[in-house]
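What follows is a single structure, written as structure tokens, with notes after it.
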Amino acid sequence: MSLNLRKEPDIKYVRPGDAACPGCPEAMGLRYLGMALGDKAILVVPAGCSSVIQGIIPKNSYHFPTVNIVFAAGASTAAGLAAAYEMLGKDAVVVVWAGDGGTSDIGFASLSGAAERNDNIIYICVDNEAYMNTGIQRSSLTPYGAWTTTTWKGKREHKKDLPLIMVSHRVPYVATASVAYPHDFIAKLKKAASIRGFKYIHLHAPCPVGWKFDADKTVEVAKLAVETGMWILFEYHNGVLRISPPSRPYMNKEKRKPVREYIKLQDRFRNLRDEDLVELEKRIDETWNWYMMLEQWTSREQKTLE
Amino acid sequence: MSDLIKIKDNILPLSVTSEAAMGKTGSWRTFKPVIDYSKCINCYLCWLYCPFSVISKSEEGVVIDYEYCKGCGVCANVCPVKAIAFVPER
Amino acid sequence: MSVLTLTGNYAVAWAVKRARVQVVAAYPITPQTTIVEKISQMVENGEMNAKLIRVESEHSALAATFGAAIGGARAFTATASHGLLYMHEVLWWTAGARVPVVMAVVTRAIGPPWNIWTDHSDIMDQRDTGWIISMAEDNQEAFDLTLQAFRITEDDDVNLPMIVGLDAFILSHTYAPVDVLEQEDVDKWLPPRKQLYVIDSENRYSMGNIAYPKDYMLMRYDIERAMERAKKIIEKVDREYGEYFGRSYGGLIECYKCSDAKYLVALMGAWAGDAKEAVDKLRENGYNVGIMRVRFIRPLAVEKILEYASGKKGVLVMDRSISFGSAGPLFIEISSVLSMNGKPPAMKGVLAGIGGVDVGYRDIMDIISKFVDEVEERGWFVKRQEWFFSHKR
Amino acid sequence: MFVEIRIHGRGGQGAVTAANLLVTAALFEGKYGQAFPFFGAERRGAPVLAFARISDKPIRIHSEIKEPDMVVVFDPSLFEIVDVLAGLKPGGKILVNSPEPIEVKGSYEVYYVDATRIALELKLVVAGWALINTPMLGAMAKVLGNISIDSVVKAIKTNWSGKLGEINAVAAERAFKSVRKIT
Amino acid sequence: MSVLTLTGNYAVAWAVKRARVQVVAAYPITPQTTIVEKISQMVENGEMNAKLIRVESEHSALAATFGAAIGGARAFTATASHGLLYMHEVLWWTAGARVPVVMAVVTRAIGPPWNIWTDHSDIMDQRDTGWIISMAEDNQEAFDLTLQAFRITEDDDVNLPMIVGLDAFILSHTYAPVDVLEQEDVDKWLPPRKQLYVIDSENRYSMGNIAYPKDYMLMRYDIERAMERAKKIIEKVDREYGEYFGRSYGGLIECYKCSDAKYLVALMGAWAGDAKEAVDKLRENGYNVGIMRVRFIRPLAVEKILEYASGKKGVLVMDRSISFGSAGPLFIEISSVLSMNGKPPAMKGVLAGIGGVDVGYRDIMDIISKFVDEVEERGWFVKRQEWFFSHKR
Amino acid sequence: MSLNLRKEPDIKYVRPGDAACPGCPEAMGLRYLGMALGDKAILVVPAGCSSVIQGIIPKNSYHFPTVNIVFAAGASTAAGLAAAYEMLGKDAVVVVWAGDGGTSDIGFASLSGAAERNDNIIYICVDNEAYMNTGIQRSSLTPYGAWTTTTWKGKREHKKDLPLIMVSHRVPYVATASVAYPHDFIAKLKKAASIRGFKYIHLHAPCPVGWKFDADKTVEVAKLAVETGMWILFEYHNGVLRISPPSRPYMNKEKRKPVREYIKLQDRFRNLRDEDLVELEKRIDETWNWYMMLEQWTSREQKTLE
Amino acid sequence: MSDLIKIKDNILPLSVTSEAAMGKTGSWRTFKPVIDYSKCINCYLCWLYCPFSVISKSEEGVVIDYEYCKGCGVCANVCPVKAIAFVPER
Amino acid sequence: MFVEIRIHGRGGQGAVTAANLLVTAALFEGKYGQAFPFFGAERRGAPVLAFARISDKPIRIHSEIKEPDMVVVFDPSLFEIVDVLAGLKPGGKILVNSPEPIEVKGSYEVYYVDATRIALELKLVVAGWALINTPMLGAMAKVLGNISIDSVVKAIKTNWSGKLGEINAVAAERAFKSVRKIT
């Protein structure tokens, strides 16, 4: 599925004059969501920057019909909405747009429940690797070594491997994406919308405010995450996992850029010691191995099943 | 208050899609992106990546809406031919 | 008319079916569980055309119910005790959104220690949230009230969610005859789902983004206006239900022999039946008492309480829960209203039946007669708390 | 008429179902009723309680039954482990599931019925347990005296359809006929 | 003595450090977050010897705090608004277990719509739970009250958890001078952790398994007894704190020019400062008013309210939240108490400042003078709700 | 680690006269817990049968110091307890003993959070595959096709693969166990107690009441679960997953007993249709493949890392 | 009530470890396990698996405490030599 | 003495810190103070507000400042986009960060200081932004007239230790000296 920028219509799904910070990756992501799903998408937004970006009542910068909801209840609210639309025969794609905190921490039981029930929704985790809306506190998706206002000396635990955990839920569709690769993200969204049941997309969203890089570098940093192998783009569908094209080159470890290039742009890593860097690199390798192994094995499995 | 959304005389916690939900965010800008059309190759990457949809496609190419452009510089950063300069507002 | 022997919980399930509820999301908790079990059976049997979402917690139960409701479906959930506490946040959200939802609460004590028996702490704990809150006296009323709840909540003048309360075990698990109205009759009386607004592709609102203080305050004010209007609607719906089906309960408050009484007893829920028995017996013994059965703790029937209590010598309030550090919540509410009386009657708040302690009509006779005797003897007084620990028999 | 009944059984024996069906049967006679369990940790085999009230007026009270007019014992071994006579009104009735007359001290009317045999004869058995709730129901109706076996059968058939209803109805009828007063 | 310029939140964090808290578990929420950020910094710097558990939700925050406390550690958490609602279930559990825990609540409005400004709905919503609940007027009091909270909760006569409330932004994010007591002085005044029982290998209890109704009811009764005793302890601790450190606040209720006043204003929290200003100005204009600043909504100072209000012509209650369908919660409580008065004073409940609407001393002057004028003109009346929407200035 | 039954002391960690149903697997499991950890274990028990088994206040059948806690908060309460003991220098092993509902549904965010923080606790999920304490409602761990009182015609979704999900959390220790294999379970408990950080053990616990089999068959049914391959015993430690001895024979699909043998003892599967059985069997194979693949891959990985 | 746990005059939601927390559960039994010592090989599997710890090891071998044995039959089921008979109580 | 001050800045310029340090400095002079932000969605670059009260008596009131005695403008471009003079008392003071005198209509005392230059000179720059809060603080103290530069320096040094404190102190001093009244 490729995107012809020339032909893409000029619809603004986040209308100018919104409340996002300059360089905001969440606003960027919402733009792609609109490009992919158009007027069919109904948003469910648990607390987070995306609740604020909307701006102040009675105005709203989102062009999507939106249900704001308490922090822990993104997935379950969406499950209810989807059930209602089904009962009433209404045509819509129910999309949860939740931060890493809303997804991987407080909302995780709700998410996991919807996955297990196979509720007919698309759940998108917009991962800026901390609680940004409350001022940059650590989440379970904050990477090892990163400063936040609750980990002054750098986080001591690794980023929870949420995509892997969601794959382990063995749901119809799981994918990762990045704001730097809109074509890839949009294609995944369109694919997800065509599948019945539970779909999970994990969008990597570097935040200039929380990661402490200059606002113009959002795309640059996001790209580096992929190029250094810190973030792996893949798609898991019908039981088969496949590393996505933008990430495929980095299956070869030699091709990955040094993590330091990614780190050094971000002041949140300012206290990272050398041994921390080694630890981070080790984790990157391990994580790659998991996903490459899964690609190998699931595609082999698929063949034997066919 | 008179703007709040009322249905059957109830004041509801609703909002409607609209520009300027936070006002004219052009005022936030301290730097300003300026397109050098002579360099521009119409690749539309700036259009694609602008987080705030303030770049439009027109007959003449890409156009920035300065009323709302927050001056983040993403467009300048992604432009493959460095056709966008980023100049201080004052 | 088809009278079935049903538990209170099954009566609620039947009412939900009769109301043609479209989405149910719920989570098990004793003593609520059999409501959802029954609904699950009805749905799987094809008797009921609804989607049942078997959520993973009560927080999600109400969130999913809310989601369905804001999407335009008639939606229902049920819970009790800790389940209600766990979804507490979402109660506030639902009311704030002004979305009609009906929930059954089978009142049960709160731990620790664990205790599964009736107690009104859980339901009373919701009284700030913006929900309409009612309590049934028996299984029939649980059925009728559940049906009425859809009419009340979806009324143009209301659009607030509502709790139908019933006491654990003594209603929820007690079999008694219930007149289960015929579907076609219910269909005539209860119109299809209505609500102030829906969110879907045709209705592109955002619900709930940030509001600045003054706008926010206006919205809160508006909830209160709806609560005020709900008083009238509750009375009206109960009256009309009576005209249609022959059963009415007195709206916000049932006055049982209260007009000519010198003393009143205020209480909520299933022990009202025992209290009525007690009142009848006491009257035989010359105690001139009546009952003010509070059917709705929210909205509070301020005007009716004042009216019914006017000229009485004493008002006794029986609470099945306590607001620690103050008094029984019903006592607090009623005494607050009675302070509006130039000269309030003598009053006492009795705390009894907490955590399922059995309180029979003989106990209630003792409690009432003691109060009356005290007032007659000592004259006017107000006692905020008297603990009644059941004893004999 | 206002009767309060307490049933002693074991977890899994269906005491509550029996009480419930008794109320349904009473309903068919134009009476009112109420049936409820004592709800605690009800474990298979453990002693449990169920209650019923039958009246010719609507029943408003919901409190526990502490001084029953009648006590029903689903399992005679319960006599040894719980005080089945607690609170039973003087002159009250006792109905026991037992193959033979049993002795009870005190001024009570005592009845017995061999519900277990009836159940076994009709192959009403699940997981090694005889299903004695319907025979006990039949016997209860008889001892109470004011509920007809027809209403009992009707109540049973609203609860179980088809074959199962038939057999249970037969079980109730047999017990209705065979219950005996110990004199 | 070292006076620092601190926000209310930092003042609380400092008090937590001074109290030698051993375990902190908390979750971010505006406007509470800076408390935990500051504590996190102190812990990571090695300034404070505590374990910080960076939990994944507020439900877990209080559960972990409770776990630490029942295991014998001095434990603290903090939250606001939806966070408080999300942990609501665990508040009940903590109080029921009779385990001392201290929590700061930065009062904030409840959604929808989202609103981060001050409003007392969240804290008032906890008033049934068995927690002691207090509100500070300024940053210094936030500091002092937090320290006092450990003494109060761990007192042999209490053993109940306690909330220290402070208003969003107008305290939490406002810098003002705070006298941060020296560690050695605090150490002398605040003994190490005490509690009724601990669960560990040496203390092989089980806490919280099932209790039958009568036993359960006795335990609930016992919580109420502890609440009653807490009244004395709160007064005592405040008095002793004053003797030790030179600052006392009047215990359960601060009476500001209330003894000689003809009219009283009751309220809680930071706007009391503005109210005092208003009272001083009004007195210059011949309005004889005083303030009854409710520092603790639980336990409710029934006796003191009766005492202070006795002989007054009117009592005005200002609520910063509403219990929908009834009135402001403070109004409900106070009017309930005043019903114990043979003849209650004139009363009015004013609802103001909801969702952070700014209420200045001039607003309060208007509100008070209007009330006084009305009473003087119309004579006795009770009005449960009057909404004050700030206007001019 | 082997157990000498002759020498094992006769201490009763669940004292006779408890409230469990005849044949209860949870009581059985608690007995093994006591045998493994002795007086060091402190229990945290969220709502479930194990709250009831204790009996009625003021008595308690557990010999363990026990903190009963609200349903969703097992892991977090334990995290707090462990922190307190650490601060106070108290010696104890904090153990969460939670049902499948408390673990995989309502308590899942709390569990996942503790795993990510690497809290020093042992979390045991006692999996009887439904909400038993409230009368047999479906949980996310109820298997496909099983009747419960909220799935009258049999559950339509597969059992959530929670052990896999916990392995995906990449914590220090994850294991599965079964009440039929006490030696294995006890050894795993002892190993877990020797590791610092977060440990997860998933105990399969067939319940006669909820699964509708005769009370004497608890061990028989549990064994059949392993022998048919419906339940796989494994251990994941230091990044290496290994199928445990009792399950190793069944890595060979031929050796597995037909699932029907397991199913037929349990009345909860009475409505299982033939196609459902096929679906179940397919799932078993898939699951085995996951774990065998993980064993292969992680042990290979381990070697390359050494 | 007098049994409830009181500390410093507070009635607390605590319990202490004790037998018979639900009474003498032997009364629940409808079937009774009876060991045929002549067959028993002292493998202790019954001891190991009895969910309720009512089988003890003694000099003479395994002993069942009938005051508490709930009669589930697990012991009989696991006995490798079928040395435990399971007989109706009455 | 009771002064109410409103500061107009942009998100990221440190207006609140300046207000806070002003209060601390006042504290060292035996005065009382209060500093607070208007807390909304504070985004980098977006116009923001901070407030301060200075008094010689303890300050009890906590309400918003609607009629300030003094207005401070961190960024002259704000004049175009917000009503910086709203509510300013007649005769009130205005302090603007500006390289040159600016014109303000109305009967106010207007001051200006080139805080940006001071910051740039001292290399007080982060991510391309001049850190002007300490020079503006120095200027504020001077314009207020009753807070000594010593107290300002002391306040700065309690907030930043070492080198950073030194440089910021110099910035404040330079501004204290160079602020000018427009006449």
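Labels A, B, C, D, E, F, G and H are assigned to the chains in the order they are written; within every chain, residues are numbered from 1.
The working rule: a contact is a pair of C-beta atoms (placed from the backbone, for glycine too) under 8 Å apart; a residue touches a chain by one contact, two chains touch by 3 or more.
Computed from a predicted model, the values in this text were never measured in an experiment.
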For this session: Trace the shortest chain of touching neighbours from subunit E to subunit G and give its length in steps.
Result: 1
Exercise. Measuring centre to centre, with centres taken as mean CA positions, what chain is farthest from subunit A?
Worked result: D
Seminar exercise, completed: The pair of chains with the most residue-pair contacts is C-E
Exercise. Could you state the distance in Å from the CA-based centre of subunit A to that of subunit B?
Worked result: 23
Problem set entry | Length of the line joining the C-alpha centres of subunit C and subunit H, rounded to whole Å | 56
For this session: Please compute the C-alpha centroid of subunit E, do the same for subunit F, then give the distance between them in whole Å.
Result: 43
Seminar exercise, completed: Two or more other chains are touched by the subunit A residues 19-20, 22, 51-52, 54-58, 60, 62-63, 68, 70, 72, 104-106, 108-110, 112-113, 116-117, 140, 214-215
Seminar exercise, completed: Expected list for subunit G, residues touching two or more other chains, is 4-5, 13-17, 22, 24-25, 28, 70-71
Seminar exercise, completed: Each of the following residues of subunit D touches two or more other chains, namely 41, 43-45, 128
Problem set entry | Of subunit E, residues touching subunit H in the complex | 3, 5, 31, 116-117, 138, 167, 169-171, 173-177, 270-271, 273-274, 276-277, 358-361, 363, 393
Problem set entry | Residues of subunit E touching subunit F in the complex | 22-23, 25, 49-51, 53-57, 59-61, 63-73, 75, 89-90, 93, 199-201, 203-212, 215
Seminar exercise, completed: In their shared complex, subunit D is touched by residues of subunit F numbered 19-22, 52, 209, 214-215
Seminar exercise, completed: Listed in rising order, subunit F residues that touch subunit G in their complex are 5-6, 10, 12-20, 22-25, 27-28, 31, 54-63, 182, 208, 214-220
Problem set entry | Residue ranges of subunit C touching subunit E (in the complex, touch as defined) | 59, 82, 85-86, 88-89, 92-93, 95-97, 109-117, 121, 124-125, 127-130, 132, 207-221, 223-224, 227, 230, 298-300, 302, 321-327, 329, 331-333, 335-336, 338-340, 342-344, 347, 354-358, 380, 382, 384-385, 387, 389-390
